[in-house]
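Each structure below is given as structure tokens.
One chain, chain A, appears in both complexes that follow, with chain B as partner in the first and chain C in the second.
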Partner chain A sequence: MPAPLNTPAALNPLTTLAAAVAGAAITTAVSSWAVSLAVALACAALAVRSGVAGRLAPAAAVILAPFWLSLLVMHGLFFPEGRTVLADWGAARVTAEGLRFALDMGARTAAYVMVFLLFSFTVRVPDLVAVMSARRVPPQFGYVLASTLTLAPAISGKLARIRRAQESRGLVLGGGPLRRLAAVRLQMVPLVLSLIEDAGERAQALDARGFNGSRARTSYRDVPDTAAQRAFRAVALLLAAAAVALRLSGQWPQLQGPQLQGFAMLWPLGVPA
Partner chain B sequence: MSQPSRTLPAPGQAAVRNRRLLEILGAVSIAATFIFLVLTQPADITNGLAGGSTLVALGGFLLGAILLIVGVLPTLPTSTLVLIPVALVLNIALGQIMGSTGLPFYFDAIGTVLIAVLAGPAAGAATGALSSVVWSFINPTVLPFAAGAALIGFLAGLAARYGLFRRFYLAPVAGFVTGILAGVVSAPIAAFVFGGTSGVGTGAIVSAFRAMGDTLLAAITKQALISDPMDKAIVFAVVAMLAYALPRRTTLQFAFVRRFNVLAGKKQDAPDA
Partner chain C sequence: MTTVALLEARIEAFSYHGDDADVLHDVDVAAAPGTLTAVLGGSGSGKSTLGRLLAGWLSGGNSGQFRGTLHLRPSALRRDSDRRAAPGDSGPLVFHGTPDDPRINPALWSEHVGFVPQDAAALLSTVGSTVAEELAFGLENRGMDRTLMHAEVLRAADSAGLTALLERDPATLSGGELRRLAVACSAITRPGVLVLDEPLGSLDAAGAASVQAMVRRLLDSGTAVVVLGQAVDELALSATRWLVLDGGTVTAHGTPGELAGSPALLHSGVVLPALADDSPGPRRRTADRHPAPTGPGTENSAPAVLELDRVSFGYPAGKHQTGPGVLGDLSLAVRAGQIVAVTGPNGAGKSTLLRHVNGLLRPLRGAVRIEGKDIAGIPTGRVADRVGLLFQHPRDQLFERTVLREVLFGLDRKSGAAAEAAARAALTAVGLGDQLKAHPHELPASRQRLLALATVLAREPILIALDEPTVGLDRHGLVRLDEALGAAAERGAAVVMVTHEVAYARATAHRVLELRDATLHEV
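Showing the complex of A and B:
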């Protein structure tokens, strides 16, 4: 993903990453569809504020729409554990429990997807790589991350050139399945071959510059960080760890009664038990 | 290309041992998580969101994948490392195309298996895990499947190491077996984290098993046992085709291919073989 130009530059990538991880962990630990939906909506609002909503909305829709549809069919129609039958068509039974399970899972996944997409669409990859290599993450990881995200558009351009070249030599796209398969082969083999050749050249260039050295490196890129952000990261990760520990120890307080009155008013379907 | 550097100091014995330890810890973390999930929670997922088992599944599998990445990446020669972004783009592009067709296949491991065949099991495992991590910048729902992807890369590398890519008909068999194991490992993630599968085709198969009264984990495992072996058999066959379409000059650049005589054909008397 190319980094957007109008993101809040003051935020360190580690701060947004910590916020995303903590948000996802706490939402999972709370396990309530109302909280999940609130988190997803908050992410949508933040995306609008930071100006990435135009790109984030289609990306999220492509992931979530088929997933929700699949959940609705899977659990809405077939839920053998369901007791409250709302409609019965032979093998397919619509049960309240099944719909509820689909809602729970759909909302939680929506929150998870929105939190991480918001992170990846607002982070500047060069900043992230610089911060990670300063933290002794192997530099190879930063190389693979940044290289993949910048390689994708270059490869689609290369594929278009290969297709034009093969078409000028008589390749016809379309036709029966066998012809299609042959056409895919005529494009894939030159593509993979040239990608491997390019990679070999890059390897020599990187080796010549001491990429595989194990010493610490200096960076030209200075990513700003503040004491407030450091404190925020510590608090967010501690909160997430506490929530996870509470959930795993089985001591999670039941989310019933006064805590969720607000959600009950917002969501007329009722409060999750 | 993949010779040890003559100017940079070689990493010490302690560093090598630490990395080996990280790899082993990563594999243990993945295996322990899987055993815990299967032993403790097979039935009660549909009684609620099962936040605890979700957190265990996410945490254990992700920790294992990250340990594998950190342990393996610094040991790879630069010529292998620069291929990883290429493999990831192949994975992501083909996986996205297949996900949009509605067929119950994934096709998101071609790049991983190609690296495993050219560079060995460790490189394959790291590529699989990295593929999930980097792809999650575009589609966060693939991140929890990092452990399964690492397993696919590892098994593909083992198959190449023991000569299963030397006969064209053995590659799909190795893929089939890999698919069975990968499907069984990935099914708890689909069940506990997402409560279903994201594709329309895979969702229909799960629904069919649910209609017969299976638990969710059983239905998703059976779906995985239908989809994954077929998918991986096709992927392994495609990679075998690709590996033989590449010039020998290219494939023999890789020490793993030379040392274990991975691909059929007259053995090359390379000076450093």
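Showing the complex of A and C:
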């Protein structure tokens, strides 16, 4: 059995990556809002257990809130295929089908976002780079992935420094949303400028430290892996492939009707293949 | 040991793209095994550009136009048993400043010429989550066997004094620890030549000693070390040879004995060791007017501008592993016209202390009062009307497009129509009056520091808080700083600075305290 999920350091990053990919693929294949919500909730529970909920919640909110809002506006109010009209204001009309579509898309996106945020907040980035380079993945790919995962904390650190400097020069934070927005605008230009400048300097330093992929790379870290984790990864990916194949072939009779969606709740990670 | 130079650079001219003026011209540098060469120059003398050229970071037409030669002779290396057999001498690389110029592969070049830039953090990969992993990064890229790599990391950590920090997150290191890590990262592949840009900058005595010991070991193993600096520090004094760089060219070269006190050295902005004690300093000018009180409870009718009243502070566990209490029951009073210096080693909590005076950090217990008023609950942006804070790293403080805009930021709200005049006056005071349109990030480090100082001075705060104000300043810059502090104290501002340079603190401040064991002690 793989190690329990609340100790992510003991898990090989490929195991959590396989779980994330499989979770996302199966959720898409099942295409049921109930399954999507169950997956999102399961991720939230795992985030709480891993102690990353405090960081994950705001990140998820920043991504999901505008998306949900746009779904609601686009499909809730303007859904051409909608037949069951719940409210009508001329051009805009609320239809049951539109709301249902928005709910379906919203729940699926929530599952996606939660799965990958949970992965990125719990994975140990150096381990990921190490296992990737051990599998002959070009180190630049691992670095880009790792940098993407560490970008959010790096940006928030830099923003905090810029904000401290601006506060020390008389910028008063707080007040209404407009004032906050104005403060954010003041921080964006220096943030982008300094990120670009850092990137240039860092690229030269990385080059000088031999990070150009011209040689086979070794790894300082010995990342733990077990037969059980390898088996889990194989099963997870097989399940994901099977679910996607079933969906593509159109052979997915059980979950087409809304009356069977309760059944899906019993199998939050997808129906057994 | 052979005396043939490992690296010889002949720079006829180098200019950055978009800039007609040569940053460097007629500079010859030779680095022979086991020798220490100190390139000394003030701010803007072209030191950092020289370092980057030697390191292969600027050649090949990417960054500028280079005319001259770079000649690497790996065969001149002593063949230590554990050193990889180097390829033979392939002759000098000749650059004409044209697109056909030779291209340097930085990875291969860095195996022979290691470089640590002035901003040491830039050298770190940022993907290593521990000091050990960061050290190993360059070895991983070169495909070193893991067992050997572990041994090399331990060796490098030992020689850099980082053994106790191997499992620390590099992001939590103090400035001095970070620099030692960067030097160790560059030295870990055992290059024949190591170029260090301001290796002692911002280091306390212990940190500087550990870097010096590290350099000494590298020299003993046959490495040629080139140090770029703007101060005649102990490392420079131990150099085999000095080059004085002024206005982009070598104005003098010779042994330290030959050049000490030479007109070329005096003309350059290089900080000389005796200067801190000889300079008039703001203290001498203001001491008569404002006799220095000796303690928080001293009888003095003048109200304290800054009062820290039994302040305690600690970072949340796990974020900064510096112990439970960074500040404990700490009290301090600074009066109008008084200059107080707080010294202490890197990581003692000096910056943490300073961030309390304008509310960037709030005490867990105790009170911070400015002119008798507790600043609890007052936003930092409002406290900033009376308190100016100079950050340790000027780049944290500079975020505008031009020098003038930088000083004007937030000033119009405080000074209204008089803002521009105040900004220009402050820039003139620090010697940047003729560079109003320059981009702050393109200024040399010393002028960035002075610009950051101007942003503080322009607001005419009643309390000026300075975090390591001398770091990165050349002699001309130090004179400007002294003048500015003297003028501020004369108009009645209180000054509190934290610095690891005890000599500077003694020469400048009315009162010198040491932050040790979370509280202040008289020195």
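In the analysis below, the second predicted complex is superposed on the first by the 174 of 273 C-alpha atoms of A that agree within 3 Å, B and C clash if a C-alpha of one lies under 4 Å from a C-alpha of the other, contacts with A are read in each partner's own complex, and residues count from 1 in each chain.
Definition applied: a residue touches a chain if its C-beta (ideal position, glycine included) is under 8 Å from a C-beta of that chain, and two chains touch if they have at least 3 such contacts.
This one's a predicted model, so the numbers in the text were calculated from it and none came from an experiment.
Novice: Looking at the overlay, does A:R164 come into contact with chain B only (first), chain C only (second), both, or neither?
Specialist: second
Novice: Once the structures are superposed on A, label A:A91 by its partner contacts, choosing first (chain B), second (chain C), both or neither.
Specialist: The answer is first: A:A91 touches chain B but not chain C.
Novice: Thinking of the overlay built on chain A, is A:Q140 touched by chain B (first), by chain C (second), by both, or by neither?
Specialist: A:Q140 sits against chain B, while chain C stays out of touch.
Novice: Classify the contacts of A:L206 with the two partner chains as first (chain B alone), second (chain C alone), both, or neither.
Specialist: both
Novice: Tell me which partner A:L195 touches in the superposition: chain B (first), chain C (second), both or neither.
Specialist: first
Novice: With both complexes superposed on chain A, which partner does A:A241 reach: first (chain B), second (chain C), both or neither?
Specialist: A:A241 contacts neither chain B nor chain C.
Novice: Once chain A of both complexes is superposed, is A:A53 in touch with chain B (first), chain C (second), both, or neither?
Specialist: After superposing on A, A:A53 lies clear of both chain B and chain C.
Novice: In this superposed model, does chain C or chain B come into contact with more residues of chain A?
Specialist: Comparing touch counts on chain A for chain B and chain C gives B.
Novice: Which partner does A:V129 contact after superposing on A: first (chain B), second (chain C), both, neither?
Specialist: Once the two structures are laid over each other on A, A:V129 reaches chain C alone.
Novice: Give one of first, second, both or neither to describe whether A:T148 is in contact with chain B, with chain C, with both, or with none.
Specialist: It touches chain B, and chain C stays clear.
Novice: Enumerate the residues of chain A that count as touching chain B in its complex and touching chain C in the other.
Specialist: Looking at chain A, the two contact sets intersect at 143, 147, 189, 193, 197, 202, 204, 206-207, 210-212, 214.
Novice: Quick check: in the complex, which residue numbers of chain A touch chain C?
Specialist: 124-126, 129, 133, 139, 143, 146-147, 150, 154, 157, 161-162, 164-174, 189-190, 193-194, 197-198, 201-202, 204-212, 214-222
Novice: Which residues of chain B touch chain A in their complex?
Specialist: These residues of chain B touch chain A: 1, 5, 7-9, 11, 15, 46-52, 54-56, 58-59, 69-70, 73-74, 76-79, 81-86, 88-90, 92-93, 114, 130, 133-134, 136-141, 143, 194-200, 202-204, 206-207, 210-211, 213-214, 241-242, 245-247, 250, 253.
Novice: Residue numbers of chain A touching chain B in their complex, please.
Specialist: 1, 25, 28-32, 59, 63, 66-67, 69-71, 73-75, 77-81, 91-92, 97, 101-102, 104-105, 108-109, 112-113, 115-117, 120, 137-138, 140-141, 143-145, 147-149, 151-152, 155-156, 185, 188-189, 192-193, 195-197, 199-200, 202-204, 206-207, 210-214, 244, 247-248, 250, 252
Novice: Inside the complex, what are the residues of chain C that reach chain A?
Specialist: These residues of chain C touch chain A: 55-57, 105-107, 109-111, 115, 117, 119, 122-130, 132-133, 136-146, 149-150, 153, 171, 185, 189, 355, 358, 360, 379-382, 384-385, 388-389, 391, 395-401, 409-411, 413-414, 441, 455, 459.
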